[in-house]
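The structure is given below, and queries will be raised subsequently.
The first chain written gets the first letter, and so on, giving A, B, C and D; residue counts start at 1 in each chain.
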Amino acid sequence: MKLNCDLGESYGAWKMPVENEVMEYLDQANIACGFHGGDPVTLQNAIALAKKHGVSVGAHPSYPDLQGFGRRSMAMAAEELIAAIQYQVSALSGMAAIQGVTLEYVKPHGALYNDMMKDMSIYESVLTAMRDIQTSSHAVALMIQAVPEFETYQALASQHNVPLLFEAFSDRRYTPKGRLTPRTQAGAVLDTQEAIEQANHLVSQGKVITSDGASLSLKVDSLCVHGDTPDAVSLVKCIRQLINTK
Amino acid sequence: MKLNCDLGESYGAWKMPVENEVMEYLDQANIACGFHGGDPVTLQNAIALAKKHGVSVGAHPSYPDLQGFGRRSMAMAAEELIAAIQYQVSALSGMAAIQGVTLEYVKPHGALYNDMMKDMSIYESVLTAMRDIQTSSHAVALMIQAVPEFETYQALASQHNVPLLFEAFSDRRYTPKGRLTPRTQAGAVLDTQEAIEQANHLVSQGKVITSDGASLSLKVDSLCVHGDTPDAVSLVKCIRQLINTK
Amino acid sequence: MKLNCDLGESYGAWKMPVENEVMEYLDQANIACGFHGGDPVTLQNAIALAKKHGVSVGAHPSYPDLQGFGRRSMAMAAEELIAAIQYQVSALSGMAAIQGVTLEYVKPHGALYNDMMKDMSIYESVLTAMRDIQTSSHAVALMIQAVPEFETYQALASQHNVPLLFEAFSDRRYTPKGRLTPRTQAGAVLDTQEAIEQANHLVSQGKVITSDGASLSLKVDSLCVHGDTPDAVSLVKCIRQLINTK
Amino acid sequence: MKLNCDLGESYGAWKMPVENEVMEYLDQANIACGFHGGDPVTLQNAIALAKKHGVSVGAHPSYPDLQGFGRRSMAMAAEELIAAIQYQVSALSGMAAIQGVTLEYVKPHGALYNDMMKDMSIYESVLTAMRDIQTSSHAVALMIQAVPEFETYQALASQHNVPLLFEAFSDRRYTPKGRLTPRTQAGAVLDTQEAIEQANHLVSQGKVITSDGASLSLKVDSLCVHGDTPDAVSLVKCIRQLINTK
């Protein structure tokens, strides 16, 4: 089980809080690519920090929406979306290569991530973008949400020759169907204690307790912690400990 | 002698005129990277067209200024400028690699190009950005303006391990010092007939007639035609003919 | 019956074709506000030209999406959308006031226009934005699409104290329900001859022939011509003539 | 003597620290207009907070440079700069009017502010922009830096019919010529204790001690505190106290 976090999301004078504090506890850093955050200097620094701590670098592409931080769905044509993903992944991948770092995976950001999990035509656009960036020497994985019906996603990814990584969320409440409770509903975001328990359950048994109290098995490769919660740093440290001592 | 033109500068609904008409007559296409023009789909199409016609692909990075089309100097810190160039070159290089096309060179755009030729500290930032993207298997050249004092530029480029390409302009009047007459001065831009004569002089003898009537030798690898003049297409065809029949 | 067109949509070096050629034939100019096109100098010039020809000035606000020219739906929160509309209308209104021109109306652009006509919650956000900019001395109208069920839109607008203007399209084919045939369907855009006939029908009888051959009455205050068709200028002149000789 | 601070500079998900904490202690809030920070919702909230605390609202326009937070000089043509200022002031002024708040003054931001104080042609462009927004019923002042040679600035402003406000900086060290020591030099930024002393000196005597130990008189209408220093809130409270008890 790995631990991942979204980083490199500062932009010019605007700094995201925990950016530099959590890196050393991670296995995988999802680094912004400039479309929802991440100016070129920020990307450069985030890659350098990941390299310093031996953390795998992933690209974190987004809809082109700085003002909305990539959190608003945009009705992009498939052709536009594919090109936008490839542009961002290329930019980050090249910036990483300059530092001798190889891009390991891609994890879509915000609304693009949610849309990909809800709409198979968008998921297929993401896969098409990913298919074209596979090289003979090096496969780049796509990180998506761990869901009960993961085999549907797996089958389509295989057709596009794209390896998948599945991630679960420690700090969000799961619905009975194994999806995330929308943030607009009460109790959607777990408190630190609940999040640690959920992480523990996932690390030790590969299961979550859903909102109706049932236990649900999920195939999970990595746990995600959101960096924009006040306790993010201590939560990250805690989960790091959990994984290490498993 | 090669022939180059700036392309891929459309942006969304805004189309640059000659974009698709001149490609087949070129040796080298300087393709925008998104900071002054060139949305991801436009880049993708420009690369595909260059590939179709066997035209070398160069990256055409800019100051981050869509509204000003990269034509306004911006006082960027060296660190910011280096990262901005590497981001753009990475994006274009990766987009080209997806289509099996190798990036051959980089030519800064607009105000960045002019500033680089006037201010050696900016030239050095460009070289630093370029130095880091050289790979063991493949050198990426920097295209700059052919000037009488080219050896000064060459010496600094060699220190940074960056090969240079020198370009001259067919459609701009040269000062006695071998620089371009500013566009704000009368007669700065040549008419089609004058441009063809200047191109002919450059192709056949490697010389230009400067504004005071003198003949000046320039070390030139490539001729540039600006795409935003009404006669650009016929001028490009004409110069193509000149070079072919040399 | 008035004649309106979307103008002021150039951006920096990118120029929209007919911008300056059609103004003199219009009654109403919908001027871009910077979010999908229209840099400050372009706005200034468009306002000046409208003033010169005695054309009414309307604001043409959009989703914040330069790259997509405001043609892609964005899932903005109501609060965000309202503030974005007010920002854009304020900018254009103030720029007009500087030239002694009073803003007459607001017409949402592109995807925002379509979304407003399809989703009553978005329509209500637009009305809320408009309600707040009404002043005691001067009412600012909202221009929306003329549809058979116009009274539903009228009722909600009255609640918000916003006067409405209804526009019809000369160059688009109408469905039996009085909506526009999506551009993705064959025959959605009329050719010049068909457009002139439809305009004539609207001007003389206030009716359109829908795609099933039926005649449909529409309450119409203004006819819109899209500026981005090749024959836009001659179509505008033709419709001007039709209206004048009615 | 008034107290002013730059506010409304958050952008989407990126929040500027002290934004909401200092407002109640101010006389004047310089509110960003969207070009270096300040999305429409942020502007709306900043105006509402200023209104709540009875704080005068000023527009804080900038070069169009989100990535550089308006801190990088841009070589804009006079026509572009004038239109860019008028666009931003119009947007903020209209957003304020919606809440029943009248725009009192304009203070250029960052590099534009510095350039205006160094280059009289840029200062004149700012004045030209300001001249056109004066209305018969209401004058809008321009806030500039208090300098020994203020009469030069005053004379030009009078020609353009623009009233001036002069501000001094509590937290920056003054050169013997009464200008700010560049941030690149050691000791340019005062510590909290020094800043309070300088503010006290300005409030009680209208003088600063320059870097060579001399005492220099300045005509000052308002004191500025920068919001991006860690102690900004306590410094603001302290200076508020100083002014109140004068």
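Operating definition for what follows: a residue touches a chain if its C-beta (ideal position, glycine included) is under 8 Å from a C-beta of that chain, and two chains touch if they have at least 3 such contacts.
Source: prediction; values computed, not measured.
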- [ ] Any chance you could name the chains that touch subunit B and subunit C both?
- [x] A, D
Open item on the list: Are the interface residues of subunit A and subunit D largely the same numbers on each copy, more than half shared, or largely different?
Closed with: same
Open item on the list: Taking the mean of the CA coordinates per chain, how far is subunit A from subunit B in Å?
Closed with: 38
Task: For subunit A, residues contacting two or more additional chains - done: 39, 67-68, 80
- [ ] Sort out for me which residues of subunit B touch subunit A in the complex.
- [x] 34, 39-41, 43-44, 79-80, 83-84, 86-95, 97-98, 132-133
Task: subunit C residues touching subunit B - in the complex, by the definition given at the top - done: 10-16, 37, 39, 66-69, 71, 228
TODO: Please name which positions on subunit B make contact with subunit D in the complex.
DONE: 64-65, 67-68, 72-76, 80, 111
